[in-house]
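So, here come the structures, one by one.
Note that subunit A is present in both complexes that follow, paired respectively with subunit B and with subunit C.
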Partner chain A sequence: MVLDKKIGIYICSGCGIGNCLDVTKLSQAASTENTLICKIHKALCSPEGFEIIKKDIEKEQLSGICVAACSPREKTELFNFRDHIQVERINIRELAAWIGEPGEENTQVAAEDYLRMGITKLKTTSIPEPYIEDEICNDILVVGGGVSGVTAAIEGAKAGYTICLIEKENDLGGWANKLYKQIPFKAPYDQLKEPLVTELIAEAENNKFIRIYKSTAILQIDGHPGRFEIAIKHVKTEKIVVGAIVAAMGWKPYNAKALSQLGYGTSDKVLTNLEFETLIKGNPKQRLPGTILFIQCAGSRDKDHLPYCSSYCCGTSLKQTKYIRESNPDSSVYIVYKDIRTPGMYEEFYKEVQRDDRVFFTKGDVEKVETQSEKLKVIIKNTLLGDDISIMADMIILATGMTPATTADLNLSYRLGKGLPELKYEFSDSHFICFPYETRRTGIYAAGALRAPMDISACIEDAGGAMLKAIQCIEATKRGEAVHPRAGDKSYPVLFMDRCTDCKRCTEECPFGMYDETEKGTPLPNPARCRRCGICMGSCPERVISFADFSINSVSAMIKSVSMPDEFEEKLRVLAFVCENDAYPALEMAARKGLKWSPFIRIIPVRCIGSINKVWISDALSCGYDGILQIGCKPGDDYQCHYIQGSELTQKRGENLQETLQTMMLEPERIKTVFVEITDYHKIPVIFEEYMNEIEAIGPNPFKSM
Partner chain B sequence: MIEVLPDIQFKKELRRVSKAPLNECIQCGTCSVVCSLAPDEKPFPRKEMIWAGWGMKEKLIANPDVWLCYQCGDCSTYCPRGVKPSEVLAGVRQITYRQYARPRFLGEIMSHPKWLPVALLIPVVIISVILKIAGTLSIPEGPVNYSKFFPHAWLNVSFTLLTFFSYGLAYSGLKKFWKDIKMQFPDFQMKKSYFNSFRESLIAIFSHSRFGKCSSQKSRRVSHFLVFYGFVLLLFVTAYAIVATITHHYPLGFLNPFKIAGNVAGLMLIAGLGMMIINRLFNRKNFGSSNYSDWLLLVSLFFLTVSGLVVEMSRLLNWGSAYHLYFLHLVCVWFVIIYLPYTKFGHLIYRTLAMMIATSIGRN
Partner chain C sequence: MTVRNKKPILVIGGGISGITAAVEIAEVGHEVILIEKEAYLGGHVVKMNNYFPKLCPPACGLEINFQRIRQNTRIEVMVSTELVALSGERGDFKASLRTTPLYVKNTCTACRKCVDVCPEVRPDDFNYGFGSTKAIYLPHDMAFPMKYSIDDRYCKKESCNKCVEICEYEAIDLFAKEEMKEVEVSAVILATGWENYNAGLLDKLHYNEFKNVVTNVEFERLLAPGGPGKGSLLRPSDQKEPKDIVFVQCAGSRDENHLPYCSAVCCPASLKHALTCQERYPGSKIRIFYIDLRVTGRNEDFLKRVEENKNIELVKGKVASIEEIPDSKNLRIEAENTMKSKKIRVETELVVLATGIVPNQPAIEMKTNQYNFMSGEQKSGVYAIACGKKPMDVSSSVKDATAAALKTIQTIR
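Showing the complex of A and B:
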């Protein structure tokens, strides 16, 4: 295969590369690598430079080209020849020219190494052929008929997809249907509105592209994006097939029985916000008692109860204050809060309620609720009034929070569990900024209060977003492409099963449940579920798993293609595996800001630091690298790893690596893992410098001479 | 522990007089951060704002802090909700004049525009009655000589007595005010003697030092300074004039040093008041909206000054309408001096008392 490739090398001398490096010498180095053409141009990205490459491709029938110039993250579209030509971008600008000293020999050597590594990669990888599933279904399943589910269904139908909407209750609408009025969602945000959900239900029920299954439970979900097979129990058991799923099972109220210190359960005059809503909806014209007190954050933002803010309760209490004030003009309402949280335009509604002379707000902690004859005496501490206060109330309303519905009802037949993996507080795991809807089960998108506490308006917005993700997933699966974060990636893990020992490492470590397994433990891949992170590749002790354009052999060959100074030269070599998602951009930013680092470091970008296979480490150590750095994204509860568990797994695997070091009689410092954020560019040179000092202190790798 | 029972009427009245949307306060404390008067341990005027919102009249009335505020307007400028704390405090002060007015009806009369005719009628009737008794209730013949219209002895004695009478009536209200302030501090501890506190307060008042800390309304220091010293100067000149009517040939000559001082004081007042009026009319963004009591004081002071100068001029020029103008001038004197405890001009007393208390308890 290596000999088949006709490779052209193009070296750019623009952007200061030519000032720092001797590009002629660089092209001589390239010519020893069995390439067909090697050309230098002062700006390959100019029309003139690009034309040279294009002409060569046609004239010489090139099958692959190396562009030794700027970072692959620059001019990506320009140098993308799609499926015809394999392109390797060699970053001699950010990784050599800009971070090294001009004209220095070590910088030149670094650039030559990167050139060789790039050529090696091109020779040892191929253009990925997409894996396209058979019988991809265009329909989308929406689980949950509350405001999020109904909205998602309508949005999906509007986009031209057929939707199956499953609701376990007899009616659509969920909690939103139990409201008397809804808080204003339109300018001028001052009047209560009829619940929006009524219109939404009617719209969904009249849409012929939405099939509604009420009083229906899911018995099992099997399959993968593009083809999920779902067993449902309606009147009888039925099977439906969909391409993607929106999970909108909503929420349940926090158990108020845990709030006896606020009088719940001991006095029938203490209600939760939902109970009060039901009371009003039952008889909107009833005259309410004179003094009503709301306790905000009842069992929320409290380490003994729900530690988080449910975001809807402040608005709800303001709305219910309106009910009270409209029902009885002589009534007084007190609102005791931790903070009033009325984001966005709800601020206008907050103001509207404040304008009422008989509504009183204070921050405070409710110390005690005592029953005194017909009334409730509420003692409040830490108020804004400067003193502890006591208020005689006729009724107390507890603004209780939301907890997510259980996702185990999805009954997924994945080996990693029936439900969606959770992160904090039992909400399904998703990155709230980068990938809000994406759960850890590809093709299943969480919407609404299932994924985070939110109110009706937020759910409506959320539902649209999640549905678009589901549609995107079906369309990407049709093309055999990854959905996210490597959107458009056509590669997928290929398993060389002959060598597999059924050790289950890959099936256990894949954060996305890509692998099912046989009873024996043999992995059964579902490529459509794959995010292409390569964590399975990193996990495999038998080196069975590889991608067309990112493989065990290819990276090993790249490691070995670096020139290794002998033990007397006193020149260190450190290999740095750098996560492509955040760490690599941070490196580039450092280079762009003119920061410098040692020319003895060789950088290999990886899809995730979880994709680093142990064999690369031992290869590097045995061919003489003095140290190995792994730079990835932050692990933990507030993880930034794009594949959720990659960084965490790397930490765990670190222990195994230390064993490897011990057997090789090497110091533990020879391998180091660091976590950075994308904004940490200024730390990059510091990290490198510190590590170079550490390595210098322990001396060169003894394997160098072997 | 406070047992909460909001005074909704007070809250409504405060909203009316201050024209501030005080309900919309979110207690963020920006006002306390920008206020140069806020002590470290006391969020002023944030706390006053919630007391206002909760209708806690007894906390606000007779609160010395409310009187330390000289309404520089910084809090209103920076308030993110536009609730105008400075104007709420001004409203509290206005309600205070009424609260402690003795007799009470005078407080009411002076705080509503609908009672303005009554407020005008009182001096007109009483002055006419005095003139009637003096037997001079007619326009005298010959060159203008005001003593022919209102004999000096009659004028000096009657106005002095009336002033003392008015202040005497107000005294019991002020005593109550003093008592109520002290009630606010159950563990009242005097750190400085009243004499020293009074002295320090006077220094602060005369130096206008606090106005200098204001950033939103820099020109207020100048305008208040002009009005204050113009007025003080005129008080001295008037006191001298009363003596002079007995000891010297009166009216004084145009180049008499006291006459010169009086005219200079008049011009100072016109300049200062002019600045205040222009700012209130055309610079609402920084100076806030003005209410009836603000205008009543400003306009009556302005009329007093202008009419004083016009009366002097009409004497020199021998105008036919000189005596009518003189009568008008006397009504203005009444509004400013005799009505003092019942109008915004009462701040002269209330504020001094509050500053004394604050200084004596060590409120910085």
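Showing the complex of A and C:
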């Protein structure tokens, strides 16, 4: 604990705080905490109020201030003194004044406790000094020379970064380069376009800021954002250094051999959409047979094959229909579909194809394909007319879907595996609604069909975003700051290795692969990979890991700074660890709505409930808290945890905690974990009330009297 | 890399796309000015009850973004502000910005005392006119910035003055004037977003006449915790919970007389609504009339969940007309079931029209297609993004915004 901090305490009486709490008494409580100044003002956020603080800081040369007023989510910019002075916002508005009864003693005690906790936090933490890596490299590696990779490379080079573009094949362009024509993605939508990839390849090859390595494989990727060391094998083995990586390894077609019921493999007149594309590209003028039938969703939207929709196949079949109709005016085309999926402006192209009266669209499910002499008989069920129908065709084209390339080819030398973590169906992805580029491997951003099935135009759009994230990561690393979601955070985990027992919990539990480890299991941190969630801090049984502004000792001290009623007072104390991402704003919203909760609850916001260390629980129980609540974001498939696995890990660790309770001879109810959504503010008082009732039922913590 | 040109980047529109573009640029290390015509950020998504396919609240992602803005000194947010003119070229634009009178200053603490004394009432436009607020109001529960607004169409100004008198923070200035500001910027992102198609133009669906015919965006508010029902779904005519709901897909979309294109989001949005209703009111009857169910990629799983729910019926067919039953205010729907090639008639308690996306137009001249969607690159340094460019969902908008962020930082070299 730093004892020589000059601390000023500022208590606001505005927004009803003064009506509910005795702020003079509150300031007396502060004065016992060895602080330099304690002042009360009716509105600290007003120009006059703020001026008082500013003047004191200069005059008294304060090193830290506590602003006991509203939530830190309010007036954040105003009370942010950056790296100049340490600020602790103590929320006596939403956590005491607004949720308690005016003039009531227990509410006053709660506010005093929050004040003491805040002062304790200020005394036991410090302004983080950023971790700046040596020798940060500005270059960016793009893996994969398909349309996504080439686009990413061009866009990154245009922003002034040197790009190393690696392609395992002999040529750039990937699948896009194998196309004869491309669907128009600009108005008018009636004419097929030359594949755009040709221009992109030429642009990349002529850009002196793009170093292209063809026929090249990655042997190993080592390091961290700002400095990844890549071993590549071209003609010989070579080492390159980059600051960030865009993974654009693309996709592979679904294996049509699994579609024998559709005639693939038994008849050479059954082709996949890619095989047909190659056929046409080889000889665009060839005369195609008279009746050609497309089977949409061949092996897609099908639980036995690919359960998802590959997004590109409807458009591709419409395009290939155009090839057929243009090559042979007497031809007929049948398209058997489940739904025609041409979202947005592709509808225009769909309509263009529909105008051709020799193109027939049939909704239905193809049951099987039989060979009858020279023809193919297609039997279709669940049609619009209700009856099964059969169509005789000369050729069948299977609209097969896409599966992602394997990211293990990145050969990451990470403890958590060679590839990128997968979310579902092998696509590498993390939060796919709000933050589509976020990844669990900081500094490595997936682009294009590696992340989700998408067509060429979507890949081009996708590539720029992934490149931006790569650039951003390098720039943030230079400043020693975290990237999303704690963007700008300069704190990072510091390990006190003397106590480390090589138990590997931190290296296993960090969702972001921050830690590598020695053969013995000793953690080797890579702070530039860290997302600052604190999950490793929560995992460590030896209390080895802490942040400058969020530490084991600090939270323990905060827990102990709360007043503890003795066993005869019949006043409970419940400690609630609240995730600051969703649960804390929900709490605030409840307070804003005028909802009330028990003044016996003390709230400590945490970065993620995964950061809660067991020692805080045992400390709280030993000093007499009657119960402990952990309120976090939803785990599971549709997780809302901002650190992906924090809530899930908390659930798993729950079993361990129960052992702790058993050894302390305490009831299992003394610890409870609840998950909420940010909009669940109306549930907050209910959660608290139910828990208070549960604790009341089991009675006070026996450690209180010890 | 040396930064020679330090002019900020201007982002027009504070919906999810504009917010994303602004924070992504600022986190690279450049200055950004983010302007929004409403008094709060969040655009359409802040009004949504939940997102597909996770059925999670948009406020969760928005809160992260707001936190990113709060922590980042490189972003200047200007609400109630619009772009009125733009001149110049890549790296060197001049933009004229107009801010409508800010009657409530930043010293507002959102303490709510003003609301208690305000005598005037206005329709709650955040809730599409379902319900009302005082003339001084907090736009919504999680408004960012968290401060009150005054609707000057309803406020009686200094003749009333009650809010000014009660405010302890001198935050209200009823004499505030419109302000103009010129800014020099190096690039511009137009994230001006969309409005849903005017359902009143769909003659046979009688949106304007029948109270229990609502649009998909209105339905978001009917479901939302901060909506008129405070989280209970109440139909407009009698404030009762409907047990039978019909969704009309492509209401005015894929239709030569209205919007010929597909808006890409209405199918998954209606599936989301159907599942949300089933979660809240298990056993209620839901029918979705559609032409094609367009839920691409991994959202197929989401469609599976709907298909497996026996209370949700997917009917391939186009709704031809809606009639109101006078006493019950229930609705009779006539549709064509193309799967069985016959007309079907159903009665329901609430109809939700899945109306499409119409792009908003900024005040400056733009290159557009025949449906008023803007070209992505308007000129070097000016980029239209997301739903102003083509219909897309939130995730695609976020991707597009991030890609556009890169385009703009290329202008700062």
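Operating definition for what follows: the second predicted complex is superposed on the first by the 701 of 706 C-alpha atoms of A that agree within 3 Å, B and C clash if a C-alpha of one lies under 4 Å from a C-alpha of the other, contacts with A are read in each partner's own complex, and residues count from 1 in each chain.
Following the convention adopted for this analysis, contacts are C-beta pairs under 8 Å (C-beta built on N, C-alpha and C of every residue); 3 or more make two chains touch, one makes a residue touch a chain.
Just so you know, these numbers come straight off a predicted model, no measurement behind them.
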Combined model on subunit A: subunit C and subunit B, fit or clash: clash
Per-residue contact with subunit A, leading partner among subunit C and subunit B: C
Touched partner set for A:389, first subunit B, second subunit C, both or neither: first
Touching partner for A:326 - first (subunit B), second (subunit C), both, neither: neither
Partner chain(s) touched by A:436 [first = subunit B, second = subunit C, both, neither]: second
First (subunit B), second (subunit C), both or neither touched by A:355: first
First (subunit B), second (subunit C), both or neither touched by A:171: neither
Touched partner set for A:340, first subunit B, second subunit C, both or neither: both
Which superposed partner A:462 touches (first subunit B, second subunit C, both, neither): second
Touched partner set for A:194, first subunit B, second subunit C, both or neither: neither
Segment of subunit B intruding into subunit C (one of 8-16, 62-70, 80-88 or 260-268): 80-88
Common ground on subunit A, meaning residues reached by subunit C in one complex and by subunit B in the other: 340, 351, 363, 384-386
Interface residues, subunit C side, partner subunit A - complex: 1, 16, 23-24, 27-29, 51, 53-61, 63-65, 67-68, 70-73, 107, 109-111, 141-142, 146, 168-170, 224-226, 231, 254, 260-264, 292-301, 304, 316, 338-341, 369-370, 373, 375, 390-392, 394-396, 398-407, 409-410, 413
Contact set on subunit A toward subunit C in their complex: 14-16, 42-43, 45-47, 70, 73-77, 80, 82, 138, 155-156, 158-161, 186-187, 301, 307-311, 339-348, 351, 363, 384-386, 424-425, 427, 432-437, 452-454, 458, 461-465, 467-469, 471-472, 475-476, 479, 483-485, 487-488, 581-582, 585, 589, 592-593, 633-634, 638, 640, 642, 677-679, 681-682
Complex interface listing, subunit A residues touching subunit B: 332, 334, 340, 351, 354-363, 379, 384-392
Subunit A partner contacts - residues on subunit B that touch it in the complex: 1-4, 6, 8, 11-12, 15, 21, 23-27, 46-47, 50-51, 53-56, 81
